[in-house]
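You will see two complexes here that share chain A, one where it goes with chain B and one where it goes with chain C.
Let's look at the complex of A and B:
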């Protein structure tokens, strides 16, 4: 009788325990960090995102908890065809469970399709297109750090309210630029401003002179830069040579990262208004995280994209731990169910349409005289509370959200 | 054999094979290639193989022109890319079945080949290379700006669909064997063209155009036919590639793609039957397995190109053929 009981108990335990182990595919959680490792967007995400991901795995204590986590890195060169073939290869052959980061919206949407087809997970930190939680939303994807809507909502409305009511757009000619221009255009018009013209430049681009001249002759008060990374830096630098700011026009960098300001220098970047969801000097937790990050990444403070990768990996691992499985859509569902809490964004949550929610800040770049040292670049102009920072769910046309 | 002599360096007379029988060693080589390709997907990642096959067909098409007519086109990406866009658009927006999408893409490339060919075929040498490059750049700009191509984003999420109503191409292996069949058909078309009286005329034009003309051949017409044939097959490769990756993008119309196919053909062996296939597999494998080193890849490719030009000008298969004293 006793023996029989023990046997039953062991058998029951085995039944309960077995799937728990079996469900982590091949016993390893494989995280693929896909981004631009050497080009236009390498500074603001690139190798720094990989550092952030590794930090998250350590801080989560994966090794102590007996979870095996591996990080794979790939350079998608900002090309949709390269990105999608890497994604296919990762999911099919290398057994990657989740792809994280992915700058360049055109690549984001291509990878999003593949993650859905292969039933794996995708968490976007650096990519910006708000379509990822709109018409293209998917049960396999979460949009983590920011999006074009929140940038437009932050910078766009702030600039119009401070008197910049006529706009000219300088737009990177691909998905991200188009979306950012579309979302900002809507905000400008809603706040009573007017868009007097727009010009689209190739991506990536080195020579902005003809575009800047068009912007200059448009006589718009504000030149909205719907581009990012090295493109934004080049446009602002070359704009200074054309005397655009001296001529009374103002640049509105719609997506400016901390590393861009660092590259521009405060002399050129001062007074720039910008929207970000993270800055290293916000509170004690962000400062502690950023100091640790800087030690491991050439003394550079993290951008919001890199900090977002940290936060995303941390929450992903929490969800896997809770679920005891790394099955793509199930983990994504679990991530939406669990509240988020990390040093980067504080407390937050993930909405049903895959939008991660947290406060967003409107920053102004300090004057050189105000800055106390390297990386001391921003002062907070306004805080957009989490509920207002992102597009309301019913306006996104996401098929996952029931009306 | 004529197939071994690089243009202009020929000391030996051009051997003419009109017997119609295929040399046994070529049948053996073809059999070996087919066997390898049938077995490969069970060992190697199939999507990688499909990519290599598409490029192998592209290189074969290119080789038909450069290896057998002696015309170096530096704008072949235009045909590859255009056909890709056409088939992607047909499959995604118009809902074409995959076989019709591939045929449609091929026809678009053929039509483009007629137009560009008619305008460029009179020039030769570096002028021909430059004019074809100019046309390819126009096509590139068109692809960047036209609405339906999606610019930098490309045409994404192209449905693979069901071929002939029975073959579900979403299955990787089904897709692979369809690509393999398309490749083999293209390969055989090239092979047949080379080893036909038509092919002999092409080689004669390559070796000595005035002499071919004096014998009564209308050299320009032959060159145009070869150009269109090459463009068409490049189009087939592009159309198939768009379905495999479910994406048509600017990479395929960019001038670097035209350069890449030159590298493939030279590395494998210009003017050999199997050379372009080997070259394509070599270059694609390099890109695939060295992807980790990022932008250093172009330096590696450049080095290989220099080594190839300095030490084995006939390419891998060309040198092998010379050792075996048999054209491959």
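Let's look at the complex of A and C:
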């Protein structure tokens, strides 16, 4: 009896150990780009992220190196249930190796669980919740481009330091908005400011007049917009109509993408302070990348979310090449081991908690007179060095980080 | 003085804001009611036609330099013609069939139109500014009222009541109502019923386009602007009573106000409150507040 048991155990171990041989599953590396292809967040990530992923595969030279890489695309409609079922379908039936991009924090956290359960990889570029490298961190996931902590740290502290010390939050009523509000609230209070009120609006929301009126009567100096995409655009646009800025109050866009500024027009967006980790006009490498991108995507310059997808796919493929395997957690571990270098963020690294590190910039939106043409929208107000741009590892409560 | 911890002054502001949003609900549900009441078609393309109205205003400005005022006339005409073509070529084949076919067709048309616009113009929307005469605003003491919003309320009230008057109080309206009751008999009196129905559909669609032009300076000109709104508007129509002209006007404004107050007292519920009311109304009065049970 005992002998039989040992034999069974050995056999079972052999089966478990078998996939550990270095290899690419089915001979194809399958990258799934999951994002909002048609709704509120489609312009800032959406089809542009797919273009960015394809560019990364070409620039990496996958075909020349004999690596077969396929890109799958799905629209999660910003709904966690839709995102979850796509993720399961991709991992179980379509043999997808890594899911990349994923806007909408509620979807991010749902997919994060599934990637871990199925032992696959997840790289988040557009999603924002800083919980992904905090309590929810996972050996299967990397948070690539930015997070709610870095946004709060960039815009929040800059605004408080220039005198905006009383805040009113307009918050999108879901995980992302709550996290962004929480992280910014902490930064405001830490810098000696005060939060006088907040209102949580449905997501997505078209009419902000009622909420703006509440913000107006709060007499706060700064109205913090803890939302994104079309919500932010509508809030700022209608804020101009209700004379918010003329009345002496100021907007702080806590997450504003280049496409949002493009949609608003400089007339309405000028003077807005915002934090991003990428802008097309930073240096020669970003300009060259962005020109190539624009040629393939309706002449639009990439947002940081789309540029992040490019950078993430490039580094993922480097790690797969070095490892000669596309096994989820192993590639993620390899990605943390290898230093990063690409036209988007320059040199950087991935921390043990899954946080990709690079500098973050505080931008100010130009006046119409300062802009030389379409997409010439930002000037750099400050650069936050990589080491200070993201939450220190010991404050994130990530179980992967040894105390 | 405060009510439930909110100063009354702030409540006045919210009341006014509610009326403004209600103006859009009223204009859109009016068009839907006219179309349903007279054609028995549930026009799911209404949101897409509202969006097209806003886009026509945008194109007029970009391509020909025609500003807001001409667009108020131009957009309803252009989109109304689109509606007429749609009715002539497709919808008229469905009158003999179940309501569901009309619903499916118009829903399909809406998806196609929205898809094409989104593919072409993205989802962030395009900027459109209010005309110079309507920028700025008044300080009412309890709130800052943008001139443009005041204009929207007044203008839609006028359009709503003009429509109501034409349908309920004039000879033309009497023909229309008679034609829905008994088309054969009305035709026997020498009235061209098919043409009248086509024009009615065109008019309903034009109302949607007009609302689109009114909305353009407030929201972005966005391919999805109608998709978000149409569901709420349908709830408004159902509450008011399908096909009731006065019902859709009154409930449009009324629900705008209720939604506005919800945004103050419990903002998280502001996008569901209308559906809760719809469920309650359907329980008590299945034909809607102003509908006649058949």
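Everything below uses one rule, namely that the second predicted complex is superposed on the first by the 381 of 403 C-alpha atoms of A that agree within 3 Å, B and C clash if a C-alpha of one lies under 4 Å from a C-alpha of the other, contacts with A are read in each partner's own complex, and residues count from 1 in each chain.
By definition in this document, contacts are C-beta pairs under 8 Å (C-beta built on N, C-alpha and C of every residue); 3 or more make two chains touch, one makes a residue touch a chain.
Just so it is clear, the model here is predicted, and its values are computed rather than measured.
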On chain A, do chain B and chain C fit together or clash when superposed?
clash
Examine A:388 and indicate which partner it touches, taking first as chain B and second as chain C; both and neither are also allowed.
neither
Looking at A:175 after the superposition, I want to know if it touches chain B, chain C, both of them or none. Which is it: first, second, both, neither?
first
For A:202, select first, second, both or neither according to whether it touches chain B, chain C, the two together, or no partner.
both
Please work out whether A:233 is in contact with chain B alone, chain C alone, both, or neither, and reply first, second, both or neither.
second
Have a look at where A:38 lands relative to chain B and chain C in the superposition and call it first, second, both or neither.
both
Once the structures are superposed on A, label A:210 by its partner contacts, choosing first (chain B), second (chain C), both or neither.
second
Under the stated touch criterion, which partner chain does A:119 make contact with: chain B (first), chain C (second), both, or neither?
neither
Please determine whether it is chain B or chain C that touches the greater number of chain A residues.
C
After superposition on the shared chain, which partner residues are touched by A:89: those of chain B (first), chain C (second), both, or neither?
first
A:243 in the overlay: touching chain B, chain C, both, or neither? Say first, second, both or neither.
second
The clashing stretch of chain B against chain C, among 131-139, 185-193 or 203-211, is 131-139
Give me the intersection of chain A's contacts with chain B and its contacts with chain C, in residue numbers.
38-39, 173, 202
Touching chain C in the complex: which residues of chain A?
38-44, 46, 173, 199-202, 204-207, 209-211, 213-214, 216-217, 229-230, 233-234, 237-238, 241-243, 247, 259-260, 262-265, 267-268, 298, 300
Touching residues (chain side chain B, partner chain A) in the complex:
45, 47-48, 51, 144, 151-154, 156-157, 172, 245-247, 249-252, 291-292, 294-295
Touching chain A in the complex: which residues of chain C?
7, 9-10, 13-14, 17-18, 20-21, 118, 122-127, 129-130, 137, 143-144, 146, 148-149, 218-220, 222, 224-225, 228-229, 260, 263-264, 267-268, 270-271
Interface with chain B, chain A side, in the complex: residues 37-39, 74-75, 77, 79-82, 84-86, 88-89, 92-93, 105-106, 109-110, 113, 173-175, 202-203
